[in-house]
Amino acid sequence: MGERMLVQGNEAVGWGALNAGCDGFFGYPITPQNEIPEWFSRELPKRGKVFVQSQSETGAIMMLYGGAAAGFRVMTSTSSPGWGLMQEGMSHLAAAELPCVIVLVQRGGPGQGSVRHAQMDYLCVTRSGGGGGYKNISLAPASVQEIHDLIQLAFYLADKHCNPVVVLSDGILGLIAETLEAKTIDFGPLPEKDWAVRGRDRQRDGKRRFIHSYPSGAPPRGGYANYVSWLEHMGKKYQEMADSELRYETYHSEDAALLLVAYGYVARVCKEAINTARAEGLKVGLLRPITLWPFPYQVIRDKVDLGCRFLVVEDSLGQMVEDVRIAVQGRAEVHFLGLLSRHLPTDGGMILPGRVLEEIRRLS
Amino acid sequence: MGERMLVQGNEAVGWGALNAGCDGFFGYPITPQNEIPEWFSRELPKRGKVFVQSQSETGAIMMLYGGAAAGFRVMTSTSSPGWGLMQEGMSHLAAAELPCVIVLVQRGGPGQGSVRHAQMDYLCVTRSGGGGGYKNISLAPASVQEIHDLIQLAFYLADKHCNPVVVLSDGILGLIAETLEAKTIDFGPLPEKDWAVRGRDRQRDGKRRFIHSYPSGAPPRGGYANYVSWLEHMGKKYQEMADSELRYETYHSEDAALLLVAYGYVARVCKEAINTARAEGLKVGLLRPITLWPFPYQVIRDKVDLGCRFLVVEDSLGQMVEDVRIAVQGRAEVHFLGLLSRHLPTDGGMILPGRVLEEIRRLS
Amino acid sequence: MGERMLVQGNEAVGWGALNAGCDGFFGYPITPQNEIPEWFSRELPKRGKVFVQSQSETGAIMMLYGGAAAGFRVMTSTSSPGWGLMQEGMSHLAAAELPCVIVLVQRGGPGQGSVRHAQMDYLCVTRSGGGGGYKNISLAPASVQEIHDLIQLAFYLADKHCNPVVVLSDGILGLIAETLEAKTIDFGPLPEKDWAVRGRDRQRDGKRRFIHSYPSGAPPRGGYANYVSWLEHMGKKYQEMADSELRYETYHSEDAALLLVAYGYVARVCKEAINTARAEGLKVGLLRPITLWPFPYQVIRDKVDLGCRFLVVEDSLGQMVEDVRIAVQGRAEVHFLGLLSRHLPTDGGMILPGRVLEEIRRLS
Amino acid sequence: MGERMLVQGNEAVGWGALNAGCDGFFGYPITPQNEIPEWFSRELPKRGKVFVQSQSETGAIMMLYGGAAAGFRVMTSTSSPGWGLMQEGMSHLAAAELPCVIVLVQRGGPGQGSVRHAQMDYLCVTRSGGGGGYKNISLAPASVQEIHDLIQLAFYLADKHCNPVVVLSDGILGLIAETLEAKTIDFGPLPEKDWAVRGRDRQRDGKRRFIHSYPSGAPPRGGYANYVSWLEHMGKKYQEMADSELRYETYHSEDAALLLVAYGYVARVCKEAINTARAEGLKVGLLRPITLWPFPYQVIRDKVDLGCRFLVVEDSLGQMVEDVRIAVQGRAEVHFLGLLSRHLPTDGGMILPGRVLEEIRRLS
């Protein structure tokens, strides 16, 4: 059994990483995720692990390149403007097939935007913001415990698929405090990182290795004849990731006539609204994607076949709603309640249970 | 009448910018777009305009911030890895509502990828790769002449909407040479840039101005009470851009039973295949989006209603095909011919007319 | 005849550069020299010349490398902490034998120090702060007019010797306003820059050229067999610079029993004190080095032979006094009045005429 | 008794640092000192200490700022071009009075110069290359054992005086292998670092501390009324360092009529020449400064009084010879044998015993 403690979501990132055997953290401060690097700066060195505050986010993401290439479990965290600075590195990490974990604690954008909570980086996270068409599994926790658990899963999936994995948090999840049971989760065995660059003397076969993306030299993982055959391999890998790693939660969805779709902190707001609505007899439920990529398109399509209508709730101008529309294919109503759907002029744009409930009633 | 000359696509960027009254170019070298900064370095200074080779792509994009804030028509160009480095800046430019033009000559990705032609940055260009949910009009030329003309349109639309505009070229369009008639296009009047920072003495009203995104101070364009009201303004502006700036070309589409959807150099390959197919009596046509954002969803839906089937051809693993599927909503077949749909093992992944024709025949 | 105007010392840098035919300025802001980049940003572009605010001082100094290598007259300016950042570049410029001008407006150090006036960079300017034993002529103006004139001389000497030249100003000279007669000074003919990199097509002999320091390839200026023979050439050039470019001013020095040695703004303070002292019948004079490197060692030695005693006055803890001691060789008294030699606890360390006069009286 | 082993000079840096209780190393690769960061990257992490390869030399030197401010024993190493990049940081470290150690393995300059051995950074090391008139003790080892011992002394002196200390090695000392007896040397007690920034909770008095140079806020070490009073403190500290830390070695100097002055590897070459010369009956000896700053001026002056003549031998165009001339004050002959004083056209400029002996014979 693990240790029970009361911690903030940002701190749960640290406990999750520790329980995943994270070897090193590299990052640069930005609100609202500063508790994450602060935690690692305090806890990693005394355990013989590495914490480095880099000169910039561009530096941090490239330090992941180096650490992951050497076979270590490494990670970084940032918020939205810093995420923009990491896009070139994300594309390089994907190209070099380097397993690592990036925690993105979303804040309001675009640009410097606001340090408030938001869900405005969904599209660039799920659509290869750095360019070149790579894919990365994106995990969206909705509680402190789940942050802890999904960080561990993220390291596992990164190693399993040799690919960067993003954990998409937000400014509210990062700062709320909840009880956490911190223990290591066993996701099963992983292949040895025999591709890692460890220095010739520590390499089992005594051969030097180089890690880089095609086509600067020999392929990192074995023989691709040319760029297109490498892309074939990449495309196949992305398809395997899409096919095998889908995760989602449903809540009162079995008989729901109206299905809310929400992730992260907003999903919890929706649950509260659903509880009240159910007490009022309204047939409403929730689909909460845990993986944003891959996205539960088929789950939604099955609900369309059952006659469901949909309400997407997001702390943005509308991003995940695009994926719901792709799934629904125009065969059911898709409503949207977003950052601008204010209940009161003074509520600052936060998605509150009362406002969701009001919308549920209006649509039921 | 304009000057007629034989130029490469990358050079046509320069002539278009010059005819648009471009005041300054800031960039960093990367294949396959080096002819663009080379052109500007040679042609701008002797006309009393500014060329700067910045220290990096992060520097170049922020120089656009400065130049645009001062009211000048400024631009940069890059290729895919450099585009990754510009993502933070893109989000800042959008947030500060600064008009400027970014030319992206796509090469193969992800990461360093290949210096070959490709169309693998479609998703991040149309889905706010830098995060925060901004939108930017994306123009996709398919000839040297159109590069020249769309560069001018890009400057016009940037000024009209106070927003960065992306011109999405590729490694083939950039290097082919065609006849160009270079002349200035009049798109109509534009409002004065009374918001520009010109130094207090040159400001008409003698007041200092500051350009920045909400919420670091007073709003750049006038009174937003708070972050949410600023986002309301931004959301409304993005909607106006989506509603008013759609551009596309159709080719033999009136009676087409099979409609190809392609952009950029691939659209020209498709036209050649269509010519042959039409000669064979096959009812096939082309929809070529000129704006990738906004995307011609409704145009496609109208074709769905007429019973069309679709073949998306892209030099990628499949990116624009997502938008076609969004449009089609599952009500018609959507086929995909991409980078891996090789005719011969040795063709290097280029989309050739013969391969497209073969697919047309198979689907007809 | 030139134009007469009332300008600050920092502005006189600009007029001097303009009259020297300066083609480009590259710099980064820092107090107390911000008027210099401001001037260039306003005046250069409208004359078809180049102004770039670089990302940093390390960027600015390397832009000089590029501009000078292409055969242009280029310059930068900075203050003390920025000068620290330029040291690697200074050493590279010297090694590549690239003519350019660096204006250093000294402020109080070390580190961030104070934005006040000071003369605390003498040693690193005259002792190759960037390492490797290069030499650079260092010119120390003492008036607005002389700033203007020495900037022109700096460009001439840089071209004559193919070497960077430093103009050492300070926070007082930079900010005082005096009448300036701005006109071009003719220092005589200079050899053509046939070594410059101009692009193969614009090179007279149609050959490509490369500019770099030994030993990365072919020598920039012609055949050095190896590193040592290149150093022989460099050592000989430094000796020629030392032998031919000494400049200094004397004031009431003919019959002086006490010779003040001072440069920059402090030399003017000393002149005022000398005027009063002479009125009191005291035999006191001034030696003002205009070149700090080469330094007027022999001029001082000749005064030693005549029985002179010396008072060095510097706005520092004592730097140039080292050179005076080298010259005097222990054969005469060398007194020092520096930044800590305060007259009143409240005078902030400025060297004032009253304090110098007091010291003159004490020593006479 | 310590451990005996055969190691290179660059490795001896590591063992010395380890025996001094070094907590962290931050650096960037450059020939001929790459064995130093390689050693630390291998040895520090497994001992729970910190190694970071920074993005650049400017980053490395500022990481020393952070580590030293937190009270840790931290160091970096570099070679000549990297030393140029560290000059701004050196000045900041001195201003903030932060104890740390910088190892400079000299190579040929200026600029990129040559990766060969050289002694061409003497002047900028001893004359505050970063500007602002700070002083740093500079230690010059001449053997692998002494490298090890002086690294330890460097940490001690840095802590004792709250000042950066430079250890000046060269490309020959760094690469030769000799027997090393590695043990910790006890230099005596040091005051507690009660000024260090440790986080409020770990601070004994529970107060926050800030480390910075005057005048950005409260002084780091206690009450300076203003900039001048802070400089008074700094000037006094530099004088104390100069007065108390002089170190040098003499060899056959008692009855020497000709005294060689040399440091580093060249001093060993001189000893060999002296041995031969003594066997020939020539009265020749050696003064080897171990501290280059402070410099043994008085030791030389005492020899002048005894009628000595001097021969300075340096692997440069002449740098330390300036200090010898300052000491001698024109009262004795000072000869110079430098990098260009070649015996054979083919010897590459290395100072060899035969060439020194020849000069000794010529001067005896």
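Order of writing sets the chain letters: A, B, C and D. Residues in each chain are counted from 1.
By our rule, a contact is a pair of C-beta atoms (placed from the backbone, for glycine too) under 8 Å apart; a residue touches a chain by one contact, two chains touch by 3 or more.
Small disclaimer: the values here were computed from a predicted structure and weren't measured.
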Subunit A-subunit B separation of Cα centroids, rounded to whole Å: 29
Averaged-CA centre spacing for the pair subunit C and subunit B, given as whole angstrom: 50
Subunit A and subunit C, separation of their C-alpha mean positions in angstrom: 57
Contacts with two or more other chains, residues of subunit D listed in rising order: none
Touch-based graph of the chains, sorted into line, ring, star, complete or other: ring
Pairwise chain contacts under the document criterion: A-B, A-D, B-C, C-D
Interfacial residue positions of subunit C with respect to subunit B in the complex: 45-46, 48, 50, 52-56, 59, 66
Interfacial residue positions of subunit A with respect to subunit B in the complex: 58, 80-85, 87-96, 108-114, 116, 120-121, 123-125, 127-134, 212-216, 226-228, 231-232, 234-235, 238, 316-317, 319, 322, 325-326, 329-331, 339-340, 342, 348-349
